[in-house]
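The next part holds the structures, each set out as structure tokens.
In the two complexes that follow, subunit A is the common piece, with subunit B as its partner first and subunit C second.
Moving on, here comes the complex of A and B:
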């Protein structure tokens, strides 16, 4: 592999040992239960995440979807210990049995990058503009593994090869990279210690379709090649369909629906999931009629004053007085679960939801 | 464009070029070197009829926005011609330019920053009327109310509110109302929904379609989100590095493209149905800079099918039996006849493979 010829025999052995040690790390298991997060704001506590629970089985990908502001990044920041000081976090997130919420800075040091690593929305934010990229990757390795700089650099070269970047570009600075290359460099960094759990928060959102597809193929490669566990945050349900075994659909800080991706997309139980499906643009397939695009009228409720009942009631074409007054519990149906009072009528709702008029009659301004 | 009775286009560009003068370093300037030129739009022909929405897609930086801005004369084209209703407006200035700008409007991507937060919705929509000196206060108000009506933001409740009180989708409707008050005949919609949540995109797209149909507008719809194009456009053009490389009926371009670049572009779009996921081969390298356009076919530095002919001769747009127009030697033998000594590319024959890295190979 690239770079080996410059390593002396001792360093080559050390690199081999490091790689073996890191490769032996198992994929992580994550159990999030009852996670609630209140940001402290001037206007009072802001309930960005409310009683969220989900599980990432070891070696699987979980997709976290929902519209902007529904709390996806807040969940990710909580898991990485990156929330602002005054934020109130309750509930548990067990990473291989250990609760990683509210850890001390010292304990966080051990967890971050080593056991759980992050690929963020904007790669620029996770790279330091004043250090060359190679140094940044080495720094993470040196902080957790008893190896020298030469060995760490060689590992960084291997990570670059993994994402298809030439090793000599390790010496360059973030601003010398294009957007897509930067995003790949961040993936290389996130993989450097082969953490058992990867968090990818909208890793391709700002990129054009070709770059998106190239980054996603690498992210899928992590799964196929290294069997890590991953949470992929995105608003693109097709990306989830292609990448994740399980999906969690969030709406206004709560989990609306979750389950095996194919089941949730084929037979959504929650009206919000049905709406998202209908609103999602698809490429035409020759000879196949295509359903019209239907938007979900209305807007997300203000979480400073969350509504009493179901948070989707203001936009849901099936809402009743019960929905507007009582928050629905979560019902389990097979491997799927949904927070809706009327899950048992889901198949009926699915038929109605496919009709544009069902949603149009909701539109207040029509 | 596809009709038998060809109506006269509202807007038509012929061999349009918009180049930007790069900056020269002081040393180069002293040495008398010419600054590099970015050929952002480099020979585009395009026409749009009344009631027609033409889609324009392509990678970031390929020149879509520059083309849109040139068509509405916010950029001065370097060469070529723009006709509006048959009149050449490429070089009009002063009063005639102002008159043209009234008829040709542009909607931008960002509904959050494109509206002045200190003005009310009513004032925002009225502003262009004031700038163009149209009507008295009462007449302007009537026009504002009508425009709000068209975009379905009821004036009675909203005219005195501020943009911050509205959702992203509503703000984008206000931005559209602001362009509509001037009763334009041509609108460039540059990524009008890409900042909006998927759940509300459809309503803005639907609005564009209705406006085009009912007000007879010609619309250029620019988007990264290629799937949305299929819903409102009959005709789609694909740009690469300043030029159109393929154009035709939306269903042909989106579902069965012929150009190797369009094929990669369409394949890159994620699919909901696992049975529909196409084969994806990685493109080599990044898009070249428009300051440094490769010789021959502009796509030859990344095209997996490229041969020596591609690196020597740039193909022309060539009409195919199915009606779409494609710029590629695979689909046009004129280049090959000119240089029979050079190897000609063939559909599906891969000549160059990208080093995508192990992670990408694992899945592909």
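Moving on, here comes the complex of A and C:
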């Protein structure tokens, strides 16, 4: 973290002050309630996210899981104000008490990166190809802090060191970086202003498994070190188990289940969570047969014509006529909550859901 | 890098040679007699032959061609049939005159076009600014450029009387090189310069707009927005990435201008090289026309090379091999 031989005494002081100022930022608290997002399309409104609520306590991680197309990234983009202009966003997102939904670009200028920063989904394309990485990191620092380019660059060097990239590569361009290096550069950029809230939108999706695990342990290490709040969007339940205190499982734009990660993964209440768990490989336990991977048959329903009842009913092996006609309310059990009519039968479901045949029997009826 | 430039220069020589050859034979297969314009009808055949001899138009076509190539290899493009002096003496001042309207006109057209194009491309899709910007660009592009010239003349010269209507200077004004630094010259320069600027504006505007429209939805723009920089800065990222095709187009356009603004030169009676080129062809003034085309070929080839080199500066992904 040290070793700026080229930095003059004045710049070194300025850097020290900048670092102190940034380190003093507290972790942010985020309270999202009733968040709904509609796109208007030629065939009517598209309900991408419907009445989503969750809370991220200061200094904790929240995992947002679900399969592709269920609205996870849309939630993140809404929090950053990055959705297209024609999108209708309702509800509230209180960042340390201030609602950040519906702010104009000008008002968001102070919020973005200063208070919430973003680790993007596709680091491959999320860096500007014609600027060197260092300039792109400095751009973020200079936009928010009253420092000169030299100091900003020195800060960028420190961030590069933090993610394990050599400082001289700041002068290189995105196309000279490998996928893993680009992802690390994007993480360095996200950390540059030590924002109180970090949104990590599938930070490892585009990487190979070895790189995925390296990047995730890097993120966890940094998190332990800096104590920021974070929303981690992923479809990998194992990553959530390792990283997040709380988890929100989304399905087709709605929250299916949420609660402390341990509880949700040990005793899932919603059949969709059970299905998700089945679909991820687990370490084999000695003396027991290896658990088969079971996929959930079918696909996410078309949200232009959302089904009348529970949105998961069409793919749920336990669905009844009630499920298909009435949308379930959210039931609270302990610290956990789930939107399922039959939460009280969850323990029965868990046993049945572990059997591949339960899910296989669904397939013809699709 | 050096190997690349050398190879490109070698290719350029080849291209220029090919153009020169085609030009040479094209003029000679035209069924016309270049001596007709200078000789009075009824002059003796001997006099005509003597003139042909002097101009190097006797002997087989092949011999003429070899002699011509040999001469231009030594930098000798011959004498103009019409003006009866070396072609460079005729061409050089005209080229300078043309460059006076071509280069600033092109640069202003590119700069203005790029700026407006960025604004139009960044504006909400289907909004007023976008629609009127595209409409304006398409209209200007569709209008023949002599119409633009005549319109400018009608409004600012005939009606308002703000600017002179033709030529490069009032009678009795300073001549020679010093004239380029007189107010009188700038006064005459204004209208043709505006005409050239307007002529180049729409192409740049549309090119830039489509680039910005394409780039504004890229992932990196989303990240720039997320960084909380002013919107102008976000638009700049899109513009900066859209400049690359503009540069590729700009340099060759500069060379093509020399020929392309003929009409503007004629409308404003601007004594430029384009106007002279047309006259030279109609007068069968082979040496002058060939030299002018040779020059254009060299300029276009060099401009393309310059564009490729500038591209490498603007786009770090470009590598010269």
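Just so it is clear, the second predicted complex is superposed on the first by the 353 of 366 C-alpha atoms of A that agree within 3 Å, B and C clash if a C-alpha of one lies under 4 Å from a C-alpha of the other, contacts with A are read in each partner's own complex, and residues count from 1 in each chain.
The rule we apply is simple: contacts are C-beta pairs under 8 Å (C-beta built on N, C-alpha and C of every residue); 3 or more make two chains touch, one makes a residue touch a chain.
Treat the numbers as computed from the prediction; the structure is a model and nothing was measured.
Enquirer: Since both structures carry subunit A, what do subunit B and subunit C do when superposed there: clash or fit?
Expert: fit
Enquirer: State whether A:125 touches subunit B only (first), subunit C only (second), both chains, or neither.
Expert: second
Enquirer: Thinking of the overlay built on chain A, is A:105 touched by subunit B (first), by subunit C (second), by both, or by neither?
Expert: A:105 sits against subunit C, while subunit B stays out of touch.
Enquirer: Tell me which partner A:237 touches in the superposition: subunit B (first), subunit C (second), both or neither.
Expert: A:237 sits against subunit B, while subunit C stays out of touch.
Enquirer: Could you read off the angle at the CA centre of subunit A, spanning the centres of subunit B and subunit C, to the nearest 10°?
Expert: So the C-alpha centres give an angle of 80 degrees.
Enquirer: May I ask you to decide whether A:114 touches subunit B, subunit C, both, or neither, giving the answer as first, second, both or neither?
Expert: second
Enquirer: Tell me the contact category for A:144 with respect to subunit B and subunit C: first, second, both or neither.
Expert: Once the two structures are laid over each other on A, A:144 reaches subunit C alone.
Enquirer: With both structures fitted on chain A, tell me whether subunit B or subunit C touches more of subunit A's residues.
Expert: When the residues of subunit A touched by each partner are counted, B comes out ahead.
Enquirer: In the superposed arrangement, which partner chain does A:322 touch: subunit B (first), subunit C (second), both, or neither?
Expert: Neither subunit B nor subunit C is touched by A:322.
Enquirer: First (subunit B), second (subunit C), both or neither: which does A:304 touch?
Expert: So A:304 meets neither subunit B nor subunit C here.
Enquirer: Touching A:220 in the superposition: subunit B (first), subunit C (second), both, neither?
Expert: In the superposition, A:220 contacts subunit B only.
Enquirer: Quick one: smallest Cα-Cα gap between subunit B and subunit C in the superposed arrangement, Å?
Expert: Checking C-alpha atoms only, subunit B sits 5 Å from subunit C at its nearest point.
Enquirer: Under the contact rule defined above, give the subunit A residues that sit at the interface with subunit B and also at the interface with subunit C.
Expert: none
Enquirer: Would you tell me which residues of subunit C are touching subunit A in their complex?
Expert: Residues 124, 218-220, 222-231, 233, 237, 240-241, 314-317.
Enquirer: Which subunit B residues qualify as touching subunit A in the complex?
Expert: Of all residues in subunit B, those touching subunit A are 59-60, 152-154, 167, 169, 197-203, 205-206, 224-228, 230-231, 250-251, 254-256, 264-274, 276-277, 280, 282-283, 286, 354-364.
Enquirer: Flag every residue of subunit A that touches subunit B in the complex, lowest number first.
Expert: My answer: residues 67-68, 161-165, 178-181, 184, 187, 207-214, 216-218, 220-222, 224-225, 235-239, 241-242, 262, 265, 275-276, 279-286, 290, 292-297, 299, 363, 365-366.
Enquirer: Which part of subunit A faces subunit C closely enough to touch in the complex?
Expert: 77, 80-82, 85, 105-106, 108-114, 117-118, 120, 122, 125-132, 139-140, 143-144, 173, 175, 186, 189
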